[in-house]
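The following blocks contain the structures, represented as C-alpha cells.
Two complexes follow with chain A in common, the first pairing it with chain B and the second with chain C.
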Partner chain A sequence: MFHWLEKHPFFFAVGVFLVISFAGLIEILPSFAQASRPVIGTAPYSTLELAGRHVYIKNSCNACHSQLVRPFKSETDRYGHYSLSGEYAYDRPFLWGSKRTGPDLMRVGNYRTTDWHENHMKDPASVVPGSIMPAYRWMFTKKADIDTAFAEQLTVANYFSVPYNQPVPMKDGSTAVVKLGNSVAEANTIALEEAKVIAADMKDQDVKDAVARGEIPEIVALIAYLNSLK
Partner chain B sequence: MENRPLEYDYTIAKMFMFTTIVLGIVGMLIGVILAFQLAFPGVNLILGEGLAEYTNFSRLRPLHTDAVIFGFTLSGVFATWYYVGQRVLKVSMAESKLLMVLGKAHFWLYLVVVASVVVSLLAGVTTSKEYAEFEWPIDIAVVVVWVIFGMSIFGLIGIRREKSLYISVWYYIATFLGIAMLYLFNNMEIPTMFATSAAGESGIGSWYHSVSMYSGTNDALVQWWYGHNAVAFGFTVPIVAMIYYFLPKESGQAIYSYKLSLLSFWGLMFVYLWAGGHHLLYSTVPDWMQTMGSIFSIILILPSWGSAINMLLTMKGEWQQVAASPLIKFMILASTFYMFSTLEGPIQAIKSVNAIAHFTDWIVGHVHDGVLGWVGFMIMASLYHMAPRVFKREIYSKSLMATQFWIQTLGVVLYFTSMWIAGITQGMMWRAHDEFGNLAYSFIDTVTVLHPYYAIRGVGGLLYLVGFLMFAYNIYKTMSAREVENHELQNASPMGA
Partner chain C sequence: MNKLYLGGIIFTALMLILTYLSVGGSKGGLNDDIVNMLAITGAVALVIITVFVVIKYVRQMQIDSATGELVDENWDGIGEYKNSVPTGWAVMFLLTMVWGMWYWTIGYPVNAYSQIGEYNEDVTVHNAKFEAQYKDITGDRLVEMGESLFLAECKVCHGINADGIDGKAANLNKRIDAASVKHVLEKGSNNKLMGMETPMPDRSGLFNANTGALITDAEIDTVSAYVANGMSGEGADIFAGACSMCHGADGKGMEFVAPNIAAYTPALVSTVLTHGKKGSIGVMPKFERLNDKQKEAVGAYITNISK
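For the complex of A and B:
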C-alpha cells in the first residue's frame, strides 16, 4: 500500500490529510457549544472596557501575563478562585497567555485599584521594587480607539448573540445591563461617562484634562478593562 | 535517451537562501535584545524614551517569534524545497515556464507579507494569538502565498521523471497540507468593518480589525491545536525532510531503514495532532482532552525518535566523518537535539510535571533547545551543503565553520541550562508555602531571583547570534569567491582550509 501511495501523489496527499485532520475533529467538535456558555456573573464588555482590552492586546500584555488561574492551592491563594470555562464566554480572542513573566491578571480587578495601575504603568519599579516590567508612558497620551471597540461590539452582538442592552444575571441575584450605543456618537458618549469615573480616581493632570475635553487616553480604557477583571 | 546530467535551476532556491539568512539575523537579533531586556530592563529604552513604544519587550516579542518561525525557518524550508524538490523528482524548474513564474511570485509575495507583518506588529496591530498574530488582510495574503507554494510542490511533482516520491517529498507535502489546514481554521475571524450600527452607520473603526469566531475556551483549544502543530509542521516535519535528504547526500550513506522511515512518518502524522492539549493542562478545557494531550505527547516519542535513530544509524560505520567534517557535526548534533527536545517535551506534558513547568522559563528553554539546536543547526547545515552546488564555489572556510559550530553549541547549552534552572526555581517558588500555610514568596521574589539566569541566557543567545553572523559571512564569502567547481559534486561538500 505504502509503495503504491508513494507513486500516486494525489492519493498520498489525501491519505496524509485524513490522518492529520481527525484528531482535530474528535478533540475540538464535541464540547464546542457547551464550552462557550457564560456562567452567572459574567457580563459582556462595555465599550470602554473593550477598547481597553484592545490596548492590552496591542501591547501584547499577554506575552508576560496569563489570565488563567489553575486549580492549585498556591494559585487560588495568590490570585483567587480558579478559572471557570464560562467566565471566558465573551473573550474573543482568549487571553490565557503561555508565560508568567509577571503575575496572573485573571482577577486583578479584585485587588488592585485605579490609582495603583496609574502609578504602576508609569513606572513599575516605583510600585514594585525590583520589577522588570517596562513603563508604558505613551498610554497616557495616545487616544483609545472607541470606534473600533464599538464596531466589535456590534459584530459580536450580531453574529454571536452577545447580550448587549439585555439583563444579564449577576451572582447576587440582581441583573445588570451593558449598554450598546445606537450610533457612533452615542457609543462615544457612553464610553466617556465611564472614562470620567476612572479619571476621577487618577492623579495625572493631562489625563484628567483630556477626559474633561471629551478625549479618552489609552490608559483610562486599559484601567477600565483591568478593573473589570474579577 | 539523453546522457548528460540534468541542469537544475536554483534561481528561486538562491532567493530564499538570502531571506533565510537576513530574517535569521533579524529574528535572532531581536531575540537577544528581548533576553537582555528581561535581565536589564533599561534595555527597553534602547532607542530612547521617544521610541519606547516600539522597542519595549511586549511589542517586540511577537516580532521575534514570527521572524524566526515564518521568516528564518519558512525561508529555509522554501529554499531547501526549491533545491531538494528538483533533485529527488529528477526534473528541473527551468523545464516549466509556469513553475518559474510561480516560484518568483512565491518569493516576491512572501517578501511583501514579511514587510507588512513587520510594520503591523511594530504598530501593535495583532490578534494576540501566538504565531497567528496577523490581522485578516495579512492572513489572506498568507493564504495566497501558501497556495502558490502548494502549486509549486504539486506542479513539480506533476512533471517528475522519478515516479516514486522520496521520503523528503512526503514531509514537504505534509508541511503544505498541515499548515494550510491549521492556519485556515485558527484564523477564522470576522472583520468588524462590516458591522452596522442601529443608526445605520457602517465602516466604523479601523478597517483591519477583526474578531475571532471562537470564544474563550474554544478559542484556546483551536489556538493550541494550531500553535502546537505549527511547531509540528513548521519546526519538525520540514526539518525532517531536510535531514532525510542532506545527511545521506553529505555522508554518502544510504538511509538506514525504509521501514523505520515509514513508521516514523505515518506515526508522526497521526499522533502529533492530538498532542496540542498539553498546552492547556489544568485549564478550563475538558479533562479528557487534557489527558489525551498528555498521553499522545508521550506516544509522540516513538515516531520522533524513529526518525532521529534512523539518522544516527545512517552514520553506522562512518562515525569518523563526524570528527572530520563540520557539516556532518551540525547534522548529527541537530538530530541529537531533536531526540533531546522530543523527550523533554513529553516529560513537560506529564500533568504533574506540567503543574510546575507551565508558565515558566522551562518552556522557553524547551522551545529554544529545539529551535536553536535542531531547526537552526539543520537549516544552516542544509544551506552549507547547498552553497557549493548552487553557487558552484567551494565553501570559503572550514575552520570558520568549525569555530561557529562550537560557539553556537556553547550558546545553546548556556541557553537551555539557565532556562531549566530558572523555570524550575520559579515553578517551585510559586507553589511554596510556609509552616503556617501561607504563600512563602511574593510574586516579585520569584522574578528577582531569576536575574542571573536571565543574564546567562542573554549571553547564550548572543553566542548563537555571533555564530549565525559567522555563518552569514561564510556563505557570503563563498558566493563571492572566484569560481572553482566545474563538475557536479557528489557527496561531501568541498571545504577550503
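For the complex of A and C:
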C-alpha cells in the first residue's frame, strides 16, 4: 500500500490530511466542547439583566472595563476567582474588553451593591475620589428597551437552546429558573417585577416613582445586569 | 598528473596567498598573537581539507560505476538501490521511539506547563509566606495592616476617612448612628451569626420596664440618639428600662444574649466581612477574598478608629 501511495501523491496528501485531522479532532474538539459548556452557577440572563447588558454595550462600558480575570494572584485578590470559558456561555457577544482604564467587572456583583452603583453612576467621584469615570445621569431618566431584550431572549432560546424556563444548577446545589415571557406584555411584566426589587434598594425618588408607574429607567436595568455579574 | 589535482593545488595556493595577504594587511597582522595564529592555522587547514575532499568525490563521480540491487519502483527511469539502514540512523531511530514512549506516558503528562498550575503554586507560596510572616502580628502592626486593607477594600464605600461618604455607607468612626438604632428597634434583628441564641424582637416585643408598656415612637427616637451618642445624653432611663437587660447597663452586651452596641468588637467586624449585611443604609457585600487574619486586622483597625 505504501508503494502505491508513493506513486500517487494526491492520495498520499489526502492520507496525510486525514491522519492529522483525526489527531486534531480527538485532541482539540472534546476539550473545547467541554470548556465552552456553561459552568455550574452560570444562568442565562433575565429580561431586565439583558436590557441592562444592552445599556452596557450601548454606552461602551467595555471600552474601559474588561470582563476577564486572569489567573494571577494579584488579579484574583482584587477581582475574585479567575474566569472560566464556560462562564461566558450565555454572553453574545462576550465583553472581555481589551483595556482596563477602569477595573475589571467580571465579578462586580460580588462586591458592589445596588445603592453603591446608584451613587457611583450618578457621580463617580463622590464615592471614588479622583475617579476619571464620567457620570451617566441620563440613565436615570431614559427608559430601558425591554422589547429588544425580549426579542434577543426569544432568539437565543429558539436557535441556541438557551435554557429559559428550565432549572439551571447553581453553586449551592439548588436550581434556579430564569423566566422567559410568552409575549412582549408578559416579558415587560416579568422585567418590572425584577425592577421593583432593584428599585427598592435605590434612593433616587424619580427612579422609584418611575418604577412604581411601570416604567423601567436604564439605570435599573444596568444595575440588575451588574449585580448578575458574579 | 590529473588536471583535477593540478587545479586543486593551484586553487589551494591561491586561497593561501589571499589569506596571507588579507591577514598580513590588516591591523594586528601576523604578529605573535596566539589567537590570530590559531585562526590562520584553522583557515589554512579548512582550505586544504575542503579542496581535497571535493576532489575525492568529483573523482569518484568520474570513475565509479554503480552496482547493487534495485528496488522495484522507478520514477521516470530513476531507480533506487536497496540499502540497509546505516547503524547510526537505526540506533537514533530506536532511541527516538523509546523517548517518544517516555514523553507520551510520563514526560508530557507529568511535566506539562499549565497556567492554572502555575497560579496554584503562586497562591500556595504566597499563602505560606503570609502565614509565616503575619502569624504573630498584634497590636499596632495589626492595626496598620487593617488600615492598608481598609484603604484597599473598604474605602470605596466607607470613604478614606471611614466616615461613610455622607451616609452612602456606615460611618465607622462611631459604633452606630441613630438611624440604624431606630431601624433595628423597629424591625428587630437576627443576631444568630454573632452567636446569639435568640433574635432581638421588633418593636412589638420591646417593653419599657419603666412605663410597663411597649416602647413608643418618642422613646425610640430618644434612645436611638442616646446609643448613637456613645451611651450618653438624654435617654439613659429608657435604655435602662428597655435595653439594658440584654445589652447590659453599659451597652457592652452579654455573651450568647446580645451584642456590644457601645463599641466595635473584632468579632462583629469579622462576622460582617464573612457574611455581609443588610442594614438601614443598604446592602454590604461579603468579602470572601480576605483571610481570617486580614479580617481580624480590619476589625482591629475599625475598633481603633471608633474609640
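Everything that follows uses one rule, which is that the second predicted complex is superposed on the first by the 195 of 230 C-alpha atoms of A that agree within 3 Å, B and C clash if a C-alpha of one lies under 4 Å from a C-alpha of the other, contacts with A are read in each partner's own complex, and residues count from 1 in each chain.
In the analysis below, a contact is a pair of C-beta atoms (placed from the backbone, for glycine too) under 8 Å apart; a residue touches a chain by one contact, two chains touch by 3 or more.
The structure presented is a predicted model; accordingly, all values stated were derived computationally and were not measured.
When the two complexes are overlaid on their common chain A, residue A:Asp91 makes contact with chain B while staying clear of chain C. Once chain A of one complex is fitted onto chain A of the other, the partner contacts of A:Asp77 extend to both chain B and chain C.
Counting the residues of chain A touched by each of chain B and chain C gives the higher count for B. Of the two partner chains, neither chain B nor chain C is touched by A:Pro167.
Once the two complexes are laid over each other on the shared chain, residue contacts for A:Pro129 go to chain B and to chain C alike. In the overlay built on the shared chain, the residue A:Gly214 is in contact with neither chain B nor chain C.
In the superposed model, A:Tyr159 lies in contact with chain B only, and not with chain C. In the superposition on chain A, A:Trp116 contacts chain C only, with no contact to chain B. Within chain A, the residues touching chain B in one complex and chain C in the other are 3, 6-7, 71-73, 77-78, 128-129. Listing the residues of chain A that touch chain B in their complex gives 2-3, 6-7, 9, 12-13, 16-17, 19-21, 23-24, 27-28, 31-32, 35-36, 54, 57-64, 66, 68, 70-75, 77-78, 83-103, 125, 128-138, 145, 147-152, 154-156, 158-160, 181-184, 186-187. Those residues of chain B that touch chain A in the shared complex are 37-38, 41, 44-45, 49, 52-53, 56-59, 61-62, 124-130, 154, 157, 163-165, 170, 173-174, 177-178, 181, 185, 190, 192-199, 201, 204-206, 209, 211-212, 214-223, 225, 262, 266, 269-270, 272-274, 276-277, 279, 282-286, 289, 292, 355, 358-361, 363-364, 430-433, 438-439, 443-444, 447-448.
The part of chain A that touches chain C in the complex is made up of residues 3, 6-7, 71-73, 76-78, 80, 82, 110-116, 119, 126-129, 201.
Residue ranges of chain C in contact with chain A, taken from their complex: 72-73, 115-116, 118-119, 122-123, 126, 156-157, 160, 165-166, 168-169, 281-285, 287-289.
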